[in-house]
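Please find one structure pasted underneath; my questions will follow.
The first chain written gets the first letter, and so on, giving A, B and C; residue counts start at 1 in each chain.
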Amino acid sequence: MLDTELSIQSGMPAPFHAYQLDDAYDEMFSSAGRPRDHYKRLFRRLMELTPEELEERQQAADLSFLHQGITFTVYSDTRGTERIFPYDLLPRIISAAEWDTVERGLIQRITALNLFLHDIYHDAQILRDKVVPFDLVYSSKHYRREMRGLDVPHGIYITVVGTDLIRLPDGQFAVLEDNLRVPSGASYMLANRAVMKRVFPGLFRNYGIRPLDFYGQALLTTMRYLAPPASGDPSIVLLSPGVFNSAYFEHTFLARQMGIPLVEGRDLIVHDARVFMRTTSGLRPVNVIYRRIDDDFIDPLVFRKDSMLGVPGLFSAYRKGNVTLANAAGTGVADDKAIYAYVPAIIRYYLGEDAILPNIDTFLCSDSVQCSYVLDNLDSLVVKAVGESGGYGMLVGPHSTAEQREEFRRQIQANPRNFIAQPTINLSRAPCFLEGQVEARHVDLRPYILYGERVTIVPGGLTRVALRRGSLVVNSSQGGGSKDTWVLHE
Amino acid sequence: MNSSMLSRVADSLYWMSRYLERADHVARQIDVHLTLVPEQATEAARKRRNRLIACLVGEGYPVEAVDSDYDLVHLLTFDEDNSNSIMRCVASARENARQVREQINTQMWEQINQLYLSVQGTSLEWLWQGQPHRFYHSINQDVYRFQGITDSRISRDQGWHFVQLGRYIERSAETADTLNVDFRELYSAALADDAGDQQTYLEWVGLLRGAAAYEAYSKVYMANVQPRFIIEFLLLNPEFPYSVHFGINMVQASLDALGALTDTHKSSRVFRLAGRLRAMLDFGQVDEIMDSGLGSYLLAIQNQSAQIHEAIYQTYINYPIDDKLAA
Amino acid sequence: MLYSVRHTTRFQYKLPVSEAITEIRMRPRDSEIQHCNLFRLTLRPQANALSFTDSLGNVVHHFSQPGVHQELQIVAESEVMVSAPPVLPASLDATAWAQNDEAAAAGDHWDMFQPSAYTTSTARLEALARELDVTRRDDPLTVLLALNAAIHRTFAYDATSTQVDSPIDDALLHRRGVCQDFTHIMLALVRNHLRLPARYVSGYLHHRRDDTSADGASHAWLEVFLPGLGWVGFDPTNNILAGERHIQVAIGRDYADVPPTRGVYKGGSGSELSVSVRVRPLHGSGGAAGTADAPLDDGSEPPVYRSTAQALQSSYAQAQQAAAQQQQQQQQQQ
């Protein structure tokens, strides 16, 4: 490539002096100095503000997060450390037309994945038809044999989804990961928006931004729809692992937004396959559990026997249909990163359509030919453990050391089924306000999808930013931050 | 809005409140001690130290290990092994608050968090070399501020009543404890001295100050510091917020309110216990109490307070679930 | 043959427990050759037993006992009709290996091919495989019958040597074990070395004097899926084929899938378990129900089989520290 590093012309106002374009798709600029249509007003506004004014707003935003106690926990030691989730001042903007494609693509994908889950826990027709290899499904550590033949309300397995999207160098959105178990981050999306409205009120008013505030309400409506038929006015709770969990802030935040109790395992009791919570006025029935605890921990009688976070007997109530778990148990098999490679085929199989949002090329180490390719190209590929998430168990080849590559080589050879690899994708970049000036950083996008009576997608989602220069890892546990995401009305 | 409250939440609010009250009490006691000591004879100071340890750490603590006020300040303020040290109390209160972060408002959280950070950020050397009074006083101020925010900002729902229960059960217990330990020793000393010398006078004043009562007492009895008046005031005065009687009145009021909010059966044991203790204080006469033995009277109060605590747990928090399933 | 079975389980807790939830697998299965006419559970403390059928067709009962108690007694009584399985041929065609592999490639019985918790290979197991020359030769049936006999010969039955949930290495080291060990070892060899689908069966045996396994306890054996024959039961403890004397209760990948009892409770600090099993043939179908309803203590109770073996109840301790660690282990898709 020639001319990949074009600087903005001299004479540009201060904040953009250091801004550079490269091979990655730039969210704001189509070419040097030329903002895309939907970014123009933001561009102009940034020109009017001095770096000092911007800095002041950034500080106001940071302070607001600090005071609200919007923190997450990093597991470096056993106690975990609380940190503020870094927030970037500049919004990421998505045009109405682009969003339309994303929305249709997500609805299609979620619909197909839900049908897939129902199928593999019932007749497994897709496996008989050899569209997805049965051993990939049966060997997935998230495939739950306890779910076989069990019917969930309205056939809905994946109630809350947070799909990770990235933008390819040509600007097209693609799916990086399906998060179908307990996706987190919606609270940051809402908190980012609230702060943005406070620090940039003027800009906000005139931009035509689609709202997000309804998320708590929509989540509640969705949970209500999933209640067991006999529960009347259903009692809904959010089940959290507790205060030491990294997402505890989010649990408290969402429980407040939904107006439902935040419970821990020890608050719940099962008797004769019915769930109750222990309150000061006695035992109160529970009909729907928005659980933020992994399958493994929800019931020591059925899953991990040493679990102290779960509720003994919960699964018996679930099996009888007396309580709904959202998401259903066993959804993790469909976001296994090896199954991911088959999602376009899954969409075609159930819906007879081509996938609207493409996948990233994926090499399965369970296949010996693909595996040897992966082992030969560890320095250029991204390797991921199939059952992990949150940026754990991942090797970014081009940024790795020789020791790290050797460690992964050893692990892959020991358990090939547990790994997949993908080409290193140059994620798109968006302007970020860092140390007094605007610089480009890699971003992804996690929209939140609610699957109830209908599919609701929050316009926008959480844009995560790799704040370290050149880094492609956006996870909060790995030094990522986030920014407000605007989807425009038109 | 959901009117029921999780038992775990009630438990956390109750203990958050108790631990803060305890931190407040310990801070005041050390503060009073440090201001009295310079004017005290060595032997009296040693005795006083031992009384404080008995009261604030527990009877049976090896007092020999603490042979200076420096050691005492460490033990009561920073000692990680003493679950009643100010540091541990504040940390426990904050941990309880963190468990119910969504139930308390931001100001309450910030206040308790700030108190925690300020205690964490203080070293024994800094404190000892500097102005201990300012430090302990600031702890009292922080606790009052927290209670002020709680009282002015929180709805009078179940949560508030559990906070009240924690505060007043703790407070009554502290006052009764102080009387029990201090009085036993001071009273016999006073009798032996026949009239009470200046040293003993100082001690009585110290007792009142430790119970946050000196100014209020003086308003009622002027500077007439007499053991029987002290007893009357700290035990039976229904208007003074640190008296046992006042505390039990508050406990009973909150229990009544909770009973209505949770539809607890009127004949529940917890109400009978509170009613009995209240009657004992309502009709208590200081002369009778002194005649028949203050020690046994205080013991009865302490036992009954402990029973009320137990009964609260049995009724609202740790109840056996088979009873409730049958109901 | 019609049997009446009484399976009595008693947990005695060192300290009182409460909020107990228990799951049991004690109801004999219904299959082509077996029918459970009657099943009755008596629980102390009294509880409401609910049931479901798991994905392998086992009937699981579960119940909760919220109140404080110090002893749990489960009496499971059943009346079961067992017919003799079809007579096996002397051997199979040598092409049976290939037929088996074809079915495997189609995904049939996938779970029953995989090493499970108790059937994962170890160095000692590999040594045994070499010693007994467990390889594909002749035809599957011939090899299996030989293996059944070889395991019986190689291992001594010793009720005190291992527990039902001991890893197979314990039995492999000492060359002695209980029926679960015989079964797990053969399962592991069949899956790993013969690559045939095999499953664990827990149940009861109507004992004869010459049986190796102990009377008065539950029994275990395995079934192997053979082309043209379906699931065929092998009992390596007694070196016999499963037949009319074997009463199937539950099937799974191994013991971990089908323990007779599994429970969680609050409080306590350990328990003592006693189990007794009595299997009696009933002659004539008319009086059958009456016999099954016989009073509990009819004097003919065999000596109680006492062991700490099935100690499966774990106390639901609320250790804050461990809980905190688990809270952190929760991955959360962030």
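Assume contacts are C-beta pairs under 8 Å (C-beta built on N, C-alpha and C of every residue); 3 or more make two chains touch, one makes a residue touch a chain.
From a predicted model like this one, the values you see are computed outputs, not experimental measurements.
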{"item": "Chain nearest the overall Cα centroid", "value": "A"}
{"item": "Chain pair that, of all pairs, has the most C-beta pairs in contact", "value": "A-C"}
{"item": "Rounded Å distance, chain A centre to chain B centre (Cα mean)", "value": "48"}
{"item": "Centroid spacing, where centroids are CA-atom means, of chain B and chain C in whole angstrom", "value": "59"}
{"item": "Inter-chain centre distance, chain A versus chain C - centres from mean C-alpha coordinates, in Å", "value": "43"}
{"item": "Per-residue overlap in chain A, given as positions that touch at least 2 other chains", "value": "242-243, 266, 269, 271"}
{"item": "Multi-chain contact sites of chain C, meaning residues that touch two or more partners", "value": "19, 66"}
{"item": "Residues of chain B touching at least two other chains", "value": "321, 325"}
{"item": "Footprint of chain C on chain A - complex, ascending", "value": "72-73, 75, 78-80, 127-128, 134-135, 138-139, 145-146, 148-149, 162, 179, 181-185, 241-247, 266, 269-273, 292-294, 297, 300-301, 305-309, 312-313, 316, 319-320, 335, 388-392, 475-477"}
{"item": "Chain C - residues contacting chain A, complex", "value": "19, 21, 23, 48, 50, 52, 54-55, 62-64, 66, 107, 110-111, 114, 262-264, 314, 316-319, 322-328, 330-334"}
{"item": "Residue numbers on chain B that touch chain C, as the complex places them", "value": "320-322, 325"}
{"item": "Chain B-touching residues of chain A, taken from the complex the two chains share", "value": "67-69, 242-243, 248, 252-253, 255-256, 259-264, 266-267, 269, 271, 276-284"}
{"item": "Residues on chain B engaged by chain A in the complex (per definition of touch)", "value": "1-8, 10, 98-99, 101-102, 106, 109-110, 158, 258, 261-264, 316-317, 319, 321, 324-325, 327"}
